[in-house]
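Presented sequentially are two complexes of subunit A, the first with subunit B as partner and the second with subunit C.
And now, the complex of A and B:
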């Protein structure tokens, strides 16, 4: 009981004072935990400790998933499941009712396929650029820079903003009478309606989402970079290895676990993109920035005579795609790890 | 064990007491276009002083909350006790029948009977609430821009084409970005559709396929968006049926002619002030007539309320003649109350433009077509409006041809009717 020993001069350190209530709490739960352990055995304790987490997961993830699946098998505009009629796979059939999947106009639910196509393009571009920018930024911030903490804060700051604020800020910059056009006009250029242009508005959604979230992923990669032992680089330098080779042979393989986490997180978030885009472009012009989550929201909630069954079916499909993508990536990651271990 | 029981009992008593404290609460969901939220708060404060047992809570929300979130709350059997709503007919099954609860049902029938059917289930004589304002869709012209450009403001019988030509001339002369704008709303598109001879209601009372009248205006409209006569910003600024207004462009002097409605008058009076002169023009004429659309916002009682008697008291107070008169005069809204209309109003504004605009809309109400008067009480109005906005904006953005948009509008509406099980 080291903490009980007074320091020289008779005082206690701050840490010891803080630990007093912690020790009290631990001694209070000690007896009941021992009782539980006697009942369940040591093996059962793992289940006991996991139970609260599993319960929360079950209530807030699994149960809604099954309810959502049940909704996808029903039709009509009623909100409550018991009031809805069972239609089997009709909602899925409606979503897949297409002559040519690459031409949304040939589909019964053309906006669904437009949203799928937009989301696919968004994911490809956003994930690639996000990984690239986050990695480059992390590599730069990992070097001995002047005011390094300041730059780290600068890149992380947008992560602290709410997506609605992010959307509004960029709307004020990009709209017809926005900051960007004001600047262009000042430089003698004609103002341009960025958000009315299909390509520019799409590019804006990609760019804004990268700006808003890059700091978080940079931080994860930076932590990975700092965990790589410095002596590996020193050894490589002594062997005359060029920096590019050191990056491909040392940095990237050792950063792979962090990179994999980042890829999975970025991918999931990209497929789920909604809030900042909803504020920035509202899905327009036309449907050029309508992504799958907005389609689900509008089908299930925002339109008059909404169709919760169709929205549920679309969200089940989106969930399935996410699961497949995540499993593929995790599989590839494990394969890479095994390969690395064999070497 | 005894201690635990005592604690549980105390908790139960506490919960019961807190529920009892809510017994006199009446919650109103309210959205504002102008100053009406402040006026209502003032009126409700007075009510609460006279009725200390009733606590009225005013939740000021945006219009999109009323349009998108309230329906979900109502479907779940929740929601406020009273709500200010524009989508009245389609949600009529959620409104409380005030007939047995109000002090004098005959007073309600006499003064609000004209619009009672807009907010009750078909075939019933339910009193669901009353219209806080009657709105007439119509246009506004920036008079200062017309004067500076030396272009005469088109007259009373001017057509949509006349307005387009004149507005374009003014915009070019004055270097203004938008000659014309029309709110991103199916309701707003419907006025000119009807003026071009359109009719949405089929012989069986269900939606009819788009006819030539509507198609003719919609083709013209998309053409105007393409050539810059009509503001593209408003129509391509969202996907789906999201509502967007062009009021800010008009207030900022960036727009020559704005087709919106009478509810903008107080907004313009407050925000434009003396910055420039503006006039309300009524609705331009089409080949068939010069109709706009009527409608408005109704204050309805929600049937899931726990305090129906208190709700009825609040509704009786807000629907009383002096309160309707004061509310309308202070908010510059056109009232629905027959008695108030008959006795006349003294709108509380020094703004001569606002007074003239209100008179122009009263005048415009005389040219409303029969179809325009039917639509607010038609069950399928919102299904048609939603499909119109979604597809016309896609055509305006160049994603599909106008003919493809027409085919999609018909199929969207047919699907909605099928989905609803009617």
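And now, the complex of A and C:
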């Protein structure tokens, strides 16, 4: 078969020159693959196409997923599973060994419970504020605005930045000689080292993670808002419905499916928060911004007394929480669909 | 002109500004400052000298204190404008400072020391961009190394992602075979297994394969993205099967069908996946941090975080390196944002 790639005019374009070795390589591959195809048949070629992806999934996602359970039931510091000693449920028992669950200091593994507590607070605050801010932004961007795509881009911009860059940008702003202190100095306040304060650094991790990801959720909510038929509002206006009532009775119910998806996505991400925080505060001061992923990372890799078994057990517990959240999302999605169908 | 103004300030009601109009503009303008301000401030700061970075309150633009070489002193001295006892103003060079009194000399008369209270002098400053913040990391540090590692990881991982994912998507969209649904479900289920859950065993597998401290150890675990397979499969389902049947009659091999028919027709979806993949791989942090422990293998993100976590942070270099790290992503943002936003709005995946 001849290639029917459309060409622009005559002569050689740069793209064609670059493609020459690719073409040669492909025709070289084609001959052995024809042989494979004769052996396997057309249906067998499906397996061939699927194989590389499945192999990578199998080795780097599924295998670790199942080994993780085995890991969590072994002890010691050895890296490879055959070298490790079986301890049964000891790692889990250690994680749950507490006199009083509300006080991390009474636990055998006090940093784990500190991290769990911090993460819980973080999730509650961050998810609430994230939903609030991205919903308000989406509602505003859905109004008749000049240069709407520009404003949408403004809020979307930080989404693409790497977490490390986000962490450094804000570390630079919140430090003693930073922009925030500069602004407050202009208002007559003394400079303050925000990131050395337990409460402020916690607030900073919440704020920075919202700053970085808000645009993403705004975008999803905006897509949902734009899908709501305009004539519903026109009808409401003709009936003399006040705008606030139209929001509660039209906008919110029709946005609900999108909103639920966003809530669960935010939740799942918030539980796993790590990168920005690691660069911004490093979990400090003390353990005030130590979240669960950092606990797993440090227990598994970073500390002198590393304990991969304990880290695996903690990661399985976190995984269980994530699976529950995902199932809730799937359940809610289905419910939303049914509701939509009934209408 | 009034038409333009009317368009810009289009309001909700006909009479006067409704509070929602005010709120909208406050929110938008405030958002503009909060979203762009920090990044702009970072870029501005990256051109300041270490001395200018340390001062408080900071200046908006990068300034340096002018220096002058004075006879009898080895090092160049800082120049200050001083209000003298008789009210005249003079430019003097500072020799040393003791408490609140500064000992200064006039550049023309290096022997005669004048004592000035520090409140009565202001530094002579000129605007100057410290481009050495950018050039020095390139020559003296491993920065070029990190940059190369990041580019290598991003480009290689993206190419493999495109090939491997499109092959899988082709199989899942254009062939009937036993276990197809199972394979599809398996791929989507991996969405539920994030890195943070499997990092301990994944590390042992990567080590067992000899990929620890190896850039391939960063690349391989990331290339089979469920998102990618999903996006490409959805797109390929829209390609009519008749094209494939016709090609088979012309004795095309299955590989040729994949390469010469399906791939060119999937180009728009491949472009979206390529953009996503570049951003993902360029920004990856936790996994490279685990796999790469030798300095010369660090990617930009890992190198930046390690240097910024040191005890005495060299902020002037860190800031400049951060700006360089931002560049590819900002380019994607400026030129390709449209593809990304439609991609997200269409699939809800990031």
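Quick note on the criterion: the second predicted complex is superposed on the first by the 260 of 343 C-alpha atoms of A that agree within 3 Å, B and C clash if a C-alpha of one lies under 4 Å from a C-alpha of the other, contacts with A are read in each partner's own complex, and residues count from 1 in each chain.
Methods note: a contact is a pair of C-beta atoms (placed from the backbone, for glycine too) under 8 Å apart; a residue touches a chain by one contact, two chains touch by 3 or more.
Just so we're clear, the structure is a prediction, and the values are computed from it rather than from any experiment.
**Student:** Applying the touch criterion given at the start, work out whether A:318 contacts subunit B, subunit C, both or neither, answering first, second, both or neither.
**Tutor:** Touch partner of A:318: subunit C, not subunit B.
**Student:** Of the partners subunit B and subunit C, which touch A:21 in the superposed model: first, second, both, neither?
**Tutor:** The answer is neither, since A:21 touches no partner chain.
**Student:** Go through the superposed model and pick first if A:305 touches only subunit B, second if only subunit C, both, or neither.
**Tutor:** First partner only.
**Student:** In the overlay, work out which of subunit B or subunit C sits against more residues of subunit A.
**Tutor:** C
**Student:** Could you say whether A:158 touches subunit B, subunit C, both of them, or neither, answering first, second, both or neither?
**Tutor:** Only subunit C is touched by A:158; subunit B is not.
**Student:** Look at A:82 in the shared chain and tell me whether it touches subunit B only, subunit C only, both, or neither; answer first, second, both or neither.
**Tutor:** In the superposition, A:82 contacts neither subunit B nor subunit C.
**Student:** Between subunit B (first) and subunit C (second), which does A:195 come into contact with in this model arrangement: first, second, both, or neither?
**Tutor:** A:195: touches subunit B, not subunit C.
**Student:** Taking the superposition as given, does A:272 touch the first partner, subunit B, the second, subunit C, both, or neither?
**Tutor:** Touch partner of A:272: subunit C, not subunit B.
**Student:** Which holds for A:64: it touches subunit B only (first), subunit C only (second), both, or neither?
**Tutor:** Touch partner of A:64: subunit C, not subunit B.
**Student:** Going by the contact rule set out at the top, does A:285 touch subunit B (first), subunit C (second), both, or neither?
**Tutor:** Only subunit B; A:285 stays clear of subunit C.
**Student:** Starting from the residues of subunit A touching subunit B, keep only those that also touch subunit C in the other complex, and list them.
**Tutor:** Correct list for subunit A: 79-80, 176-177, 282, 301.
**Student:** For a test of understanding, state which residues of subunit A touch subunit C in their complex under the given definition.
**Tutor:** For subunit A paired with subunit C, touching residues are 1, 3-5, 26, 29-30, 33-34, 37, 42-43, 45-50, 52-54, 56-57, 59-65, 67-68, 71, 79-81, 136-137, 140, 143-146, 151-165, 167-173, 176-179, 181-182, 185-186, 191, 211, 215-216, 219-220, 222-223, 243, 261, 265, 272, 274-275, 278-279, 282, 293, 296-297, 300-301, 308, 311-312, 315-316, 318-319, 322-323, 326.
**Student:** So in the complex, the part of subunit C that touches subunit A is made up of which residues?
**Tutor:** 7-8, 10, 20, 23-24, 27-28, 31-32, 34-39, 41-42, 45, 53-58, 163-165, 167-168, 170-172, 175-177, 180, 183, 186-187, 190, 192-194, 196-209, 220-221, 223-224, 229, 247-248, 250-256, 258-260, 264, 279, 282-283, 285-286, 290, 301, 304-305, 308-309, 315, 318-319, 322, 325-326, 329-330, 332-333, 337, 340-341, 344-345, 348, 350
**Student:** Going by the contact rule at the top, pick out the subunit A residues touching subunit B in the complex.
**Tutor:** The touching residues are 75-80, 85, 105, 110-111, 176-177, 193, 195-196, 198, 281-290, 294, 298, 301-307.
**Student:** Please give the residue numbers of subunit B that touch subunit A in the complex, ascending.
**Tutor:** Within the complex, subunit B touches subunit A at residues 67-69, 71-72, 75-76, 87, 90, 177, 232-233, 236-242, 244, 252, 254, 382-383, 385-386, 390, 393-394, 396-400, 404, 408, 416, 419-421.
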